[in-house]
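What follows is a structure written as structure tokens; I'll ask about it next.
We call the chains A, B and C, going by the order they appear; numbering starts again at 1 in every chain.
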Amino acid sequence: MTDSSPSASSGAPALELRGITKRFGSVVANDRVDFDVRAGEVHALLGENGAGKSTLMSVLYGLYKPTEGEIFVDGRQVEIDSPSAAINLGIGMVHQHFMLVPVMTVAENIVLGQEPKRAGGMLDFAAARARVRELSDRYGLAVDPDATIEDVTVGAQQRVEILRALYRGARILVLDEPSAVLTAQEVIELMAVIQRLKQDGTAIVFISHKLHEVLEVADRITVLRRGKRVDTVPRAGATERSLAQLVVGRDVLLAVDKHAAKAGDPLLHVDELFVRDDRELMAVDGLSLSVRAGEIVALAGVDGNGQQELVEAITGLRLPESGSVVVEGQDIAGRGVRAATEAGIAHIAEDRHRRGLVLPFTLTENMALREYRRPLFSARGWLRLRRMRERARKLLHEFDVRGGGPEAFAVSLSGGNQQKVCVAREIASEPKVLIAHQPTRGLDVGAIEFVHRRLIGERDKGRAVLLVSLEYEEVRALADRILVIFEGKIVGEFPPDVTEETLGIAMTGGDAAAEAA
Amino acid sequence: MTAGAIAEAPTRAASPRAVGIVGVGLAVIAWFITLPPALLRTPVPSIILGLAAMLAGAFALQGEERRLGFIDLFLGPLAIAGAIASTKSGLGHLNTVFVWSALVAAMLRYATPLLFAALGGIVCERSGVINIGLEGMMLMGCYFGIFGADVLGSWVMGLLVALVAGGLLALVHAVFSIHMRANQVVSGTGINFLALGITGYFFTAHYGPNGTPNKISQVPNVKLPLIQHIGFFGQAIGDANLMTWIGLLLVPALAVFLFRTRWGLRLRAVGEKPRAADTVGLPVLRIRYLAVVVSGMLAALGGAYLSVAFVGSFTPNMTEGKGFIALAAVIFGRWRPGLALVATLLFGFSEAMADRLPTFSGTLATLFQALPYVLTLIAVAGLIGASRPPAASGIPYVKE
Amino acid sequence: MSDRDVEPDVEQIIEGGAEPGQEEALEASLTSPARLTAYLRRGGVIVPILTTVIAFLVAGVVVLLTGHDPLNTYSAIFKGTGLNWLFPWVSGTERSAAALALQQTLIQTTVLIMVGLAVAFAFRAGLFNIGGQGQYTMGAIAAVWVGSSLSGLPPVLHIILAIALAALAGAIWAGIAGLLKAVAGVHEVISTIMLNWIAIWIGVYLFQLGGPLQDPSQPSTPVSKTIAASAKLPVFWGSAQLQGLDIGIFIALAAVVAFAIIINRTRLGYEVRAVGFNPDAASYAGMNVRRNYVRVMFICGAFAGVGAAMDILGWKFSLFTNDIQTSQIGFLGIAVALLGRNTAGGTVAAALLFGALLTGTSQRNLDPTVFDPNLAQYLTYMIQGLIVLLVSTDVIALRVLKGGRGIAVGLRRKPRGPQATEESAA
């Protein structure tokens, strides 16, 4: 099943990708990329969103066929045309979005496809359980074989993914953005597991866009930018700054030019808010915050600490259990999206494909999404199509949206331009409070700068802006005040020049002062 | 319950769940005692029992057993009404209709085609493909089964031809749904039309206005020795059709396959999260193809039963919606063979009752025919537990 | 049955060019009926025509296989439709026969338009309304009851009342499914299919021998009472005795116009389409998704109910239990809507096609020496089935559009996603 000759002794790397090119039509996702990994080594693959990391790994895992280039495992050239082929070569992949069956147990998920059997094709559950326990003990990956996947924590699910690869004898393990979904504690545990695997001789590919993590765990670092390999550097001597330069290609703009804030009265005031999530757990647990006119308050925190439910409660998408959301004196908690909109709340949604836009609609129709009920757009049930079109044209011009006119379909625009449409729509509604939920997710640097500039512009116009973001740089660049959310509560307030370390400690529930003591 | 739990429970009376189940039993008894063989002629004990059932339901509700609570609250008045109706009916009528052994036999006869189709439906849907076309596949088996039995001379050949016909139609559904990533509800609807057209066309072309000939080889009944002569059981199951027994045996077989074998695990994985299955190297599309074709074959067998085993002839559109009842049984039975069997028996029973009810009131019996559909509506509305289909059901799989 | 797949992989979207993940993002964010609608609308007119032609070709092969001449058969069917009346060179007895047939065709077209709209409107809202048959049945029951019960009313009033109540009956029946979806999350495919059969059995119960609404003056026939003369729709072409064309056709066309206006120019239509394409975005915009489902189903049921009224008041005049049990008109509505791409104009064209097909193959109009009308009836079902199948995947649409490349979901050896054609060429 796997090639067991340790490549460290033979001299050839466990895995080598040579000159890999992958084209999708006219787009070149990978451009003559070279990459190799030795047994017992952690080689990080670093790059921005869209740099080509995932494509490269999909090629490796047999999901794509490379347009050009070769793959070598332990020095032998191989063809990988399906995940089974990859598995047979000892390549295991731990995806960013887990590939687990939610209703099945841990053991069932791990053995799927290579189940231990008894006579007559029956599944040997006992053997499966035993094997899972064996692997779990050996690598320090604690799991309960009989637990159902949908009932266990995200960290546990990731351990199951890793175990699944190890069960199949993976000697080359690809971890795709593993820390994206973990709490800080779980990240520490993951690093320990990686060390164990290293000692065992596994070759590890660590994909990430987080500079500090890469510096912590990698032996070598390869940077991809726009599909090309920019450079491969050893860990020694690399710094965040040097890596950032490689990743982006120029000196990273750490802060958009902005004046000091001139904050006025609080426009948004959240008081003792309790909100349940889809699993009936209390995601927002007695949270209070306020945002004043003319300031940007950034809500920083690890994903999954209640940000989503908080935003949904403020914008009217979710009914809070108790508490109030007051906009200029009016409590809109639990009164729905329309009430929130009419009170003056605008919402740049986290997911422009699912929430922010109706992709098969035209840009005109999308621009009207928030305000179609206003007299400007409709009268007594009838739509004022001409006015909608005019307004859309105006906004598209003002916000420099490329890719089509008012009658173009939203789906035909690029991601950056789609986000511009969303931003334009929300800003044009002249809100009092602007909620920006991960407004630059999946965007390239140019689009990011655009959004940042507009957010600051809104702040200067006297709006109250609440920015919810997972990106440390973005928070630092935009915020006038930083609030840290942890387990549904605000656990700290910091000025924008706070160190990443302090912020990180607060985000994982620690007490900065106590840590310092 | 552990000893510890019992020890600490002096203030906690019975568990709401147990009380809820007892309530169901009370309601059933409430009605049953007015029917043969007990034939109580006063509704008073039934009313008391029915009320008790409702009380049990209320208790279950406040104990967070919502499902059982509502069921009891529903069954209680129903049982009381039924009991009152029974006591008002003539003894003669009651005795004619409620011949339990004959009812059971009829129930099995009506349930058999549903069972085959439902089992096929479970296999298909468990792999992630919606099969609205069960009706069409049944119809194919219904016609081509008897056609095969006629032309080739034996019921065995007839069943084989039915298998092939159902399998072929299912293959069409599979190609469109899987390979071409069609909208599966729409393609299933198209399959039904196609089957209606094909079977009607070839029937009319081949047999013309006279219809199928008499005395075509039929699937035999299985006369159980010994049991055949024992009163109730003899009447009820002593003379059931061979296919009925095959169907009943298929139920545990399928259950074992789905939940205890490797391929059952893989099938379910494909239906729940095909990408996960793909990632571990399982042939998602091939598994789905197989599942759909198998479901077509099973449904065809169900249809063939109608013509080759039950009636002995074919008329256009003979299945008359049984495929949809089977679909209802799949959902009602929550995609599990055992529960689906219960559902088909329930639906079969209501058809059997509809047959015999004309002695009471000729017209009301017709409404009984609608019972399977009403029950399914109630079931999917969540009154009998949440129905959760396989998560990837209906979504064509796209390999990246 | 869920409509959603995995989250679109944002990583795949690369700025500034054709984006490999875009189509998948589109697919992943849409409800499946919306996906179907989106594809359908991009096909233009060529695609439905091509689909129809292919279906007829395949059916023609079947005809050939059973020893008949497809060309003769189709031409006999065509003569039966009465569409040859449109040809100026047709005259004399042939012309008057064609006129009669054309009236039949248009009568069928009337009801098909209505049941087609009942399905199309739902599709636009992201719902599968498979319950047209049940909604039609309830509408028919209401129409026949109002038509036969109230006497002495002025005709205009009587007709309006009958149509209104038929619409209401259909609307309520569909509304049940809408409510079940809104409140309990029940998938409308299941609920509407179940409701179909429940409606049929209610109808049979009502009009069977001894049933509560059976015609007392025909004690041995399971039929409803005949509607009063004041409830009959006036015939404007042909003779009332020979089932001439009634004004129902205009009502149907008016309904089509209403449909188009609602969908494209009103707030309701905007909301319906938004919900149909993307319920998440719709609720983000403040639309009440669940209330929309109920509203939409209501309107769809009303369409179907009016269709039933057209039939009852226009030419059926009473309702037989046999008719209730064997009618397939609601299901034909599905084919009509799909072939017509769920648009107003398309629905009319498709309704005309199917109306012609039904008439052309009927006992009355098809020359039995050329082709047995009984057989022809089943031929119609086959054609219907083929059309629905072909529409379900729209493989033709996508091939025609992209010239075989791009997102060709068609007939590849190994489906591998959007880039298949490039790879297999490589």
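Here, contacts are C-beta pairs under 8 Å (C-beta built on N, C-alpha and C of every residue); 3 or more make two chains touch, one makes a residue touch a chain.
Being a predicted model, the structure only gives us computed values, none of them experimental.
Colleague: In this assembly, which chains make contact with subunit A and also with subunit B?
Modeller: Correct list: C.
Colleague: What are the two chains with the top count of C-beta contact pairs?
Modeller: B-C
Colleague: I'd like the Å distance between the centres of subunit A and subunit C, where a centre is the mean of that chain's Cα atoms.
Modeller: Each chain reduced to its C-alpha mean, subunit A and subunit C end up 44 Å apart.
Colleague: So what's the Cα centroid distance for subunit B and subunit C, whole Å?
Modeller: Each chain reduced to its C-alpha mean, subunit B and subunit C end up 30 Å apart.
Colleague: Spell out, as numbers or ranges, the residues of subunit A touching 2 or more other chains.
Modeller: 64 - these are the residues of subunit A that touch more than one other chain.
Colleague: Specify, in ascending order, the residues of subunit B that touch 2 or more different other chains.
Modeller: Touching at least two other chains: 275, 391, 399-400.
Colleague: Can you list every residue of subunit C that touches 2 or more other chains, as numbers and ranges?
Modeller: 6
Colleague: Along subunit B, where are the residues that touch subunit A in the complex?
Modeller: Per the touch definition, subunit B meets subunit A at residues 256, 260-266, 268-269, 272-273, 275-282, 391, 399-400.
Colleague: Please give the residue numbers of subunit B that touch subunit C in the complex, ascending.
Modeller: My answer: residues 130, 132, 172, 176, 179-187, 189-202, 204-205, 275, 285, 316-317, 320-321, 324, 327-328, 331, 362-364, 366-367, 369-370, 373-374, 376-377, 380-382, 389, 391, 393-395, 398-400.
Colleague: If you look only at subunit A, which of its residues touch subunit C in the complex?
Modeller: 23-27, 29, 49-50, 53-55, 64-65, 67, 97, 315-317, 336-338, 341, 347, 349, 351, 353-361, 365, 368-370, 372-373, 378, 381-383, 385, 411, 414-416, 441-444, 446-447
Colleague: Can you list the subunit C residues touching subunit A in their complex?
Modeller: It comes out as residues 6-20, 22, 25-26, 28-30, 34, 38, 265-270, 273-274, 277-278, 280-286, 418-419, 422-423, 426.
Colleague: Flag every residue of subunit A that touches subunit B in the complex, lowest number first.
Modeller: Spelled out, the residues of subunit A in touch with subunit B are 58, 63-64, 82-84, 87, 93, 95, 99-104, 108-109, 112-115, 117, 120-123, 164, 168.
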